[in-house]
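Below: a set of structures, written as structure tokens.
The same subunit A turns up in both complexes below, where it pairs with subunit B and then with subunit C.
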Partner chain A sequence: MDKKKEPLKKEKVAEDGLTKKERRALKVQVKKTEIQNVIQVNETIVENKPNPEKEKQKQNVSHKTNDTPNDPPVSGKLLSDKELRKLEWEKKLTDQKTKELESVKALSKAELKAKRREQQESQRSAKTSSKVEPTPTKTPSVNIKQSKTEPKKSPVQKQIIRKTIPIQRVQLVQHLYIDNSSESNDKNSILHNKVHPAFVRLGTQYSNKNVLGSNARCLALLAALKQLVDNLQTPPKQEFCRYLETVLKSCTNYLQNCRPLAVSMINALRNFNLQLTQIDTNLNDNEKRIKLQDVIDIYINDDIRKAGEAISMRVREKISDGDVILTYGCSSLIRKILLEAHKDEKKFEVIIVDSRPLLEGKEMLRRLVVAGIKCSYVLINALSYVMNSVTKVILGAHALLTNGYVMSRIGTAQVALLARAYNKPVLVCCETYKFSERVQTDSFVYNEIGDADLLRTTHTSETESPLSKTKDMNKLMPLNLLYDVTPPDLVTAVVTEIAILPCTSVPVVLRIHADEST
Partner chain B sequence: MEGEKVRQYFCKIIKEDEDVSVGVAAIRTLLEIIKHSKSETVQELEANLKDAISQMKNSNYTVAAINSGCELFLRFITLASLDTRDFDECKKIMMDRGHLFIKKLDDSRGKIVKLASNFIGDGSRILTHSRSRVVLQTLRKAHKQNKRFEVFVTISAPDNIGTRMCKDLEAEGIPCTLILDSAIGYIMEQVDFIMVGTEGVVESGGIVNKVGTNTMAVCAKEINKPFYVLTESFKFSRLFPLDQQDLPEEYKYTSEVRKSCDLRKIHPLVDYTPPSYITLLFTDLGILTPSAVSDELIKLYL
Partner chain C sequence: MHDKENLSDVSKLVSDIKHKNILSSLDIALRSEDLLKELISQGQWKSARELMNLVKIRIQYIKENLPHEATAANVMRHVLKVIREEYECESKRKVEGQSLHQLVTAHPADVLDYSESLINLKTSLIDHLTEYKVELESSGENIAAQASEHIHMDEIILTVGKSDTVEKFLKSAAKVRAFKVVVVEAAPLYYGHKMAVSLAKSNIQTTVISDAAVFAMMSRVNKVIIGTHTVLANGGLRAASGIHAVALAAKHYSVPVMVLSHMYKFTPLYVGSHNQEAFNICASPANVIPYSAGKILNSIQVFNPVFDYVPPELVTLLISHQGGNAPSYVYRLLSELYHQDDYDI
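And then the complex of A and B:
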């Protein structure tokens, strides 16, 4: 503030016709005279300070007397530097006052107003200029992001949308929203950070939901990881594995921003990082590369492929002739199990339950029908209608949590609950690499939010959805959660590659895995 | 020792010693086979044992305990790593292990009795089903501790073995009432808790036991009476029935019946009681909740 005021002051000083030097000279004079009329001065102080209006009357009084009230009664003694400065400052204040008074005298009211406005404006412009400057750097980034997604909109419209987003957030799951601004920043940072192109592609595939399902996502991640290991060139004076670690970290951060990592991916990455630390440092880069790729291949083969086969075998034993099997959505593992059971010449029917907005079950239906399995297809609202005729419910899982809860695509808990109510056995198929140490008892603590706009459209009718024009309505807050958790008492058994287990055995399996890896 | 001889030996053990359960008898038989085996290699011996196991399963005893006991035996006596190269030495090691194993099994019942008898208080009214040696011993022990309690025993059709249980208890001087199987619901509100033995404990923590146990467990759950299961840990088996239908047929019917009749018209010998109906399992490993069974099994077999 002081800095801004000073230039103004100088101007005024110029108006007065007094420079600093002149004033100082004046001051010295004043002090000399002061000694003579201390008493007079003290009187004027009393008169002056309480009501400044009187000053107006005293305008005729000479400069000297007008200045005097500011001088403290120390007069007569030698003035120290400090006191001098204090005096000076006080004088400035009074100067301002007198100048105002003088200007009142000189200028009409209108002129005064104009002047004030001028001052204010100049102040304002000074303030804003310091803040405005960074904005031009920001706007291009916004524009870039926009041109990628929706090239038609102008930056102005974009700003409006950005403002409305936080209003449309559902309070209960406020913490689950990914911050848009940080996302855009990170997207720009791809160029600067060492994110491998394979991961960039993977990121867009994740965010566009081209790669769906925790198995598929994990496999895609491991494929990208293999590519990264293959292409990575260590900069001089750096160890291959340590460098890979840092690069991988930035890559996973990028992926995390595209879409939160699945539990399967987190576990796969953890396994890889563990192997990375255990690798023999005496090997050269190429050997390390080969070894790491082997590690990935073994993981894909043992923990994902063979586990899937083992599970398929176990479930096949449980499927008997005449069974009616209900499944929900599209899980790659369940599809595999059903197809193999069919190849095994088991005679069973399948009811595929599906739900909006993704309607993944259609793909499941297509594949099973092509294979020649007798299928029915219902939406989740018709579940209670078909549940009576079902003999077994087989579900896929996104993750199994330590407390035995099953995390899976949203709607699974509902299916399990209804199956429980109808007393049908519920089998959850899940490889042990999807077991997680996390504990969760509801779906809100941790979840993922999908595109809420999908809820506003309809796939079924040709007429436009009544919700399609509600996008800018602040009071309508559609919420598209992707996962839910199913409590263990709704699940009869979990089929893993190790054994068929009750849900409550998850911590034991995790403990065994931890023992094996250390 | 082969074929018919194995079966005869097995049946002889059970007939001679009243207190021996089917599972222990099976394990003793296997030990006897190792003792008299003329085989030269471990593989051959193993094949012999497996053959004997299938012979025993075909005898007219329930399969659950035979299965789990033999599986455990194979896992810990013959399959466990043998350091020496000499086959005779191997055989000796196996025998030693086997005897140790049998001794442990004999001890286990004592442990269970000790744990479970504490749960019987003065004035308790206990309901039990069928005839279980370990339940009988527990009740005897509690009686010797001068606890006064009353027991209700179901007749347990089809073999009406409950009448024998009732006689055994009366011989000890324990007040005892024989009830009809169909009176379970009637008597349930009068009892304090249920104590049953079992033929097999499955991976889910549920049990496979004489038919009627499930009925009792469901009734007990409805009236909120604790349902206790007394079992040796060698009866834990790696099986996960989803429901009654899913229980293997060799468990439900004797081999004779399986061969001859239309199974849909035959009563099963056992039923499956899901873990949600069971309060606690008293085992030689300690007092377990049903969910801990699977933990123990994972520890044993993985």
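And then the complex of A and C:
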């Protein structure tokens, strides 16, 4: 029962995150209209409000234009009131933007400091102006302060503007883009408050795609979690587990901002949180630490390592001499299976199918060739050329959904489709810890969007892509989705550590898991 | 020796195609047509039969040297039919259709042997060829003119790589309809990038996706519009590699697949996908994995096939300048284009 409640909560958080974003965007919008109403008297920023996307850009622009008219000293109560509001608004904008910038690239410490100072300054100025408000004699000092801060801001702003303008969005998947501006608001505060350095590092590793693949991502998360548990010092009058919960929450929020969590990570965290609630409160902090470390170790060992080994054993039984196995991309589990099957002295060939823009298959190719397995390498367009000679298709998965759909790296569905067209068996290998309660029937409702600029390049040919010079073309948008879902009728069987199952057994496995853990 | 000299025109054409001096199929068709016009007006022939032999030798030469090139041979094959028709017309012995009765009762002496030397044959042939050339040149526009019949407002259309015919078609539709285009980039040659830029420049909302995203995208696509290399006799296609997967995904989501094709791409040839060696060619693997990859290249196989076979059941409609037809009707179009006896040269 508990187990069932947990997932609901989890999903709510994710959904809330979205709505919060929207709410915040709305607030900004409202505020802006207010300000505009006030400003309209003197200044001419009379613009009708278009869609939020354009609005953001316009905010940048209008912000810039605001700077200059602000400079000449103004006096009078009416104006100072206006000014105050403007200041507040401005501050908000700068906050927003500095964070935006941050999400794009990690700032050096010096920059960070400068920014913080700037923030403080603007805050201070806001305060003084509010205090000063009724006395017109002091307004000039405020203005002086303002003009001091202005030149400092400008270099940062320029960078921001350059960064924000080329953001183009494909209408169809607009909901999938991460809104950096509002999201990073709390990120900044987290950065200075609670996020453990291990998680900060992890976050950059995720966003730079240094750690790829749902298994690797989950293991890295658990390692960071262990470190967190180890280093966490409970502040006075707080219970260890409760405090850990709140810290962990801000950490995961931070990670979510870097890159949406993988299903494997969500499940691992859920398991950890469940154990956290069940821990004996009478233990002292150190005992709790050891216990929690154990929980994580057991999870890594049982649900990930041993599950992988069990799957490997099952699939190896299915590989026979003379097989030609086709695999797609680079799945750590598949690689392990193939390497172990090779160690068993099975004689088989592997065809590695790869696709742009990540070209993960090259890594797979390298590792298998080093081990001495006979390999062929093709891009995904050549699938139907090689499919005829294939005897088995073995694929990895990102997650298995309750309705039997397989969520995996983009292109997996296409491989399965072609295998079906040529009547080749498709085995999907997936540990049960990657099973998810989510249901999904298309690849748009929930997905992740990668760096679209990767599609503006050509990886192998010497000539430059004509797309590389078209960033300012608003009619042309590359779309780089990271996942797709494969319908269950294209999958012959799913190999799990429990058994080889049809896709439709996912809810059954989930139910058994839920029963076990309560 | 005499033979070699005669073939210099066609060998020039073949080498130009091989060296990619002429790229688009339309140019190849026009060049072949010019070649034949030259042959008819200047060539050493007395009767229709001799002329037909000259043309057949050229078709054979092309077949030997460029087994995958269909356009040039198809144009010549069509001209063969033109020669036959003109001859029949001139000799006033035109057989009105071939009913079963006529076939059975035909006397061996009635069968045309095209050996008669006719005075007007040359001029009427040249006239006919000039007409044919106009038809070739306007074919693209004629196909594009049908665009508004096939595209409605606010559609999402998926296309693969770059095809001149498709480009014209979409741009012509964009004049009267607002729609979005999804372009598959078609790695490793990335013609899709060029196509996308060209479409975006004519103010069409364009999205570029990688080859892997086709299945994911297909659920939102209303129509697939593609070009092809050849249309085979069974209505199947020999198209750029990757299109088979696109067509399968379209079938999976019941999205109609429309193939734009000039008439000269219809080929009286049956090939199955099972025989990839006869059907396909592999381009240099350097585009798939660069030579700079190093030692690993010694121990792996890399394939870079150029074509895909698309079975006719995955094709919804073939659109030529005469209008749309189902793939099951291709056999009939072929018999209109070419003479039965010339199918297999």
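Heads up, the rule we're going with is that the second predicted complex is superposed on the first by the 344 of 518 C-alpha atoms of A that agree within 3 Å, B and C clash if a C-alpha of one lies under 4 Å from a C-alpha of the other, contacts with A are read in each partner's own complex, and residues count from 1 in each chain.
Heads up, the rule we're going with is that a residue touches a chain if its C-beta (ideal position, glycine included) is under 8 Å from a C-beta of that chain, and two chains touch if they have at least 3 such contacts.
Small disclaimer: the values here were computed from a predicted structure and weren't measured.
Aligning the shared subunit A places subunit B and subunit C next to each other free of steric conflict.
Contacts of A:Asn388 after superposition: subunit C is touched, whereas subunit B is not reached. Using the contact criterion defined above for the overlaid structures, shared-chain residue A:Pro478 touches subunit C, although it does not reach subunit B.
With both structures placed on the common chain, the touch criterion links A:Leu418 to subunit C but leaves subunit B unconnected. Ranked by how many residues of subunit A each touches, subunit B and subunit C are led by C. In the superposition on chain A, contact of A:Leu427 is made with subunit B only, not with subunit C. With both structures placed on the common chain, the touch criterion links A:Ala499 to subunit B but leaves subunit C unconnected.
Touch criterion met: A:Thr470 reaches subunit C, while subunit B stays clear of it.
Minimum Cα-Cα distance between subunit B and subunit C in the superposed model: 17 Å. Within the complex formed with subunit A, the subunit C residues making contact are 156, 180, 185-190, 193-194, 196-197, 200-201, 203-217, 219-220, 241-242, 244-245, 248-249, 252, 273-274, 276, 280, 286-290, 293, 296, 299-305, 308-309.
The part of subunit B that touches subunit A in the complex is made up of residues 203-205, 238, 240, 242-243, 245-246, 275-276, 291, 294-295, 297-299, 301-302.
Of all residues in subunit A, only 170-172, 355-357, 362, 365-366, 369, 374-386, 388, 409-411, 413-414, 417-418, 421, 442-444, 447, 455-456, 458-461, 465-467, 470, 473, 475-481, 484-485 touch subunit C in the complex they form. By the touch rule above, subunit A contacts subunit B in their complex via residues 318, 320, 392, 425, 427, 489, 492-493, 498-502, 504-505, 508-509, 512.
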